[in-house]
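This is the structure I want to talk about, given as structure tokens.
Per-chain residue numbering starts at 1, and chain names A, B, C and D are given in the order in which the chains are listed.
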Amino acid sequence: MVIESMERNPEISIRLFSDPHLLSTIRSTVEGLAKVVGFSEKSRGLLMLAIDEALANVIRHGYDGRTDEMIWVHLWRVREPRGIRIIIEDLGRSVAPEKIKGRDLSDVKPGGLGVHIIKETMNESCWEQRPEGGMRLTLVKWLSPEELQNVTPTKPENTFP
Amino acid sequence: MNQELVIEQKIIGDMIVLRPAGDIDMARSSAIRKAVTEVVRTRPAKLVIDLTAVDYMDSSGIATMIEALQSSMRNKMKFVLVGVGPKVRSAFEITKLVGMFTICDTVEEAAK
Amino acid sequence: MVIESMERNPEISIRLFSDPHLLSTIRSTVEGLAKVVGFSEKSRGLLMLAIDEALANVIRHGYDGRTDEMIWVHLWRVREPRGIRIIIEDLGRSVAPEKIKGRDLSDVKPGGLGVHIIKETMNESCWEQRPEGGMRLTLVKWLSPEELQNVTPTKPENTFP
Amino acid sequence: MNQELVIEQKIIGDMIVLRPAGDIDMARSSAIRKAVTEVVRTRPAKLVIDLTAVDYMDSSGIATMIEALQSSMRNKMKFVLVGVGPKVRSAFEITKLVGMFTICDTVEEAAK
């Protein structure tokens, strides 16, 4: 019962202002939850990058750089397969999801890397237009088989003979 | 669903070393408490808790260390803390408990 | 205008379940914001400890250890004096604020350290009973004079001759 | 109200070393971009960006490094990155850009 409802209600919900100076704090939050779930240091670094790029895009493209708008970030630990789910919502400009795409990396130039980083890092990344206006981005990342192996067994007392 | 505290145990002569790895907080201090209880039951001459891999400890962790100290004293065992990093040290300091414990830099030093 | 409204609306608002496994994530969040504000590593460690103890008390005493209740954490950067403000709200048991007190530390025993840690760490810590039920804890910590000195000047270009 | 990026500058012979300290992200990459522009204006033979004290860099930081590389090339200056830690490296790797840059372990090595 509890588990089911946790799957529906975010375990942690954050509302923040669209201020770039707050992004490092949200990165820390995601890093923290990813550590609890059992992600390796490398995966946690990539997760920080993905959430950072997603939030920077909301500020830059959704809100045209305005710093006094609202962003919502919802976080879940996911059980099967073990991992993390992140939903980012805004009330900014709403664009057709097919317009959000990473650029061809063979053309070396500054900019246009965020969406590429997000898609490369996450197992799922899905942009939607919200009926209320703004965008919703759903991100999912699972533990790798190696990370799963390093995770402590469910009963910690087993490690103690 | 959560990465639990991993606690390694090593027997060196008549000394037992417990080495937890991870943050010791409300969600995880019971694991180390359980491990301490098991060790005290076997009555080694010395119990060492190596905190080198513990970056953070809250008051529930500190309470566990006080319990370990007190049950060591009751059982005439020596009790030594090792590898106390700056964050853990300041938790002991702010609760004015740092003087209660024998603290060594390394397990080798604790063995003396 | 913006600044004034930021002083009123929390810059970051978090809603979380009363699950002890989530406390490390909230510690990371507070650490992250404290870094942005300019707190030293040592102060950040103490801030993590204070927020952790406050949330653990809500779970333990306010909610009797139940893990499926709600806790709210609101965070602000504060400008004058420079620092951080944290408000923690719950809907758990409501106790008279004067009952919440740290114990005499000269009596060495396990437990009863949390309130002491909170009061020692923060410049302000104030418990209130919420009219809606539950408790509200307001915490404020300012930069020390030394931390203030190490903070970058307002115009970063000044550092670059 | 925010701790900004601190950027140290050092002139070693005909080489200029910029050493930012802190995370380079959307809020802070403009500081390093500005510093690079100033340095390129003075046309040293070599521009080194020492990232030893940078624990984290996002795509706006990477974009700044690409700009620095390109304007160095336009001005016939050498451009070297130093002290690239694991998090920063994986940001370069995931954007498939790691091969574009000359990366050295230390400033001394970059000076050669």
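Heads up, the rule we're going with is that contacts are C-beta pairs under 8 Å (C-beta built on N, C-alpha and C of every residue); 3 or more make two chains touch, one makes a residue touch a chain.
Quick caveat, the model's predicted, so the values are computed rather than measured.
Q: Half is the threshold here, strictly exceeded: which of A-B, C-D or B-C has more than half of its contact pairs identical to A-D by residue number?
A: Looking at which residue pairs coincide with A-D, the repeat is B-C.
Q: Measuring between Cα centroids, what's the chain most distant from chain A?
A: Ranked by distance of C-alpha centres from chain A, the top chain is B.
Q: Any chance you could check whether C-D or B-C wins on number of contacting C-beta pairs?
A: Looking at C-D and B-C side by side, B-C shows more C-beta contacts.
Q: Can you give the whole-Å distance between the Cα centres of chain B and chain D?
A: 43
Q: Rounded to the nearest whole Å, what is the centre-to-centre distance of chain A and chain B, using the mean of the C-alpha atoms as each centre?
A: Their C-alpha centroids are separated by 36 Å.
Q: Give, as an integer number of Å, the spacing between the C-alpha centres of chain C and chain B.
A: Each chain's C-alpha centroid was found; their separation is 27 Å.
Q: Could you tell me which residues belong to chain D and also touch two or more other chains?
A: 1-2 - these are the residues of chain D that touch more than one other chain.
Q: Where does chain C touch two or more other chains at once, residue-wise?
A: Within chain C, residues 19, 21, 24, 27, 35-36 contact more than one other chain.
Q: Based on the touch definition given at the start, go ahead and assign the chain network to line, ring, star, complete or other.
A: Graph shape here is other: it fits none of the named patterns.
Q: All pairs of touching chains, please: list them by chain label.
A: The list of touching pairs comes to A-B, A-C, A-D, B-C, C-D.
Q: Can you name the residues of chain D that touch chain A in the complex?
A: Chain D residues touching chain A: 1-2, 23, 25-27, 56, 58-60, 62-64, 66-67, 70, 86-87, 90-91, 94-97, 100.
Q: Quick one: in the complex, what on chain C touches chain D?
A: So the residues of chain C in touch with chain D come to 35-38, 77, 79, 82, 151-152, 156-157, 159-161.
Q: What part of chain C is in contact with chain A in the complex they form?
A: Touch residues, chain C against chain A: 2, 5-6, 9-17, 19, 21-22, 24-29, 31-33, 35-36, 67-68, 75.
Q: Give the list of chain B residues in touch with chain A in this complex.
A: 1-7, 9, 31, 34-35, 38
Q: Using the touch definition up top, name the residues of chain A that touch chain D in the complex.
A: 19-21, 23-24, 27, 41-42, 45-46, 48-49, 52-53, 56, 59-60, 105, 108-111, 113-114, 116-117, 120-121
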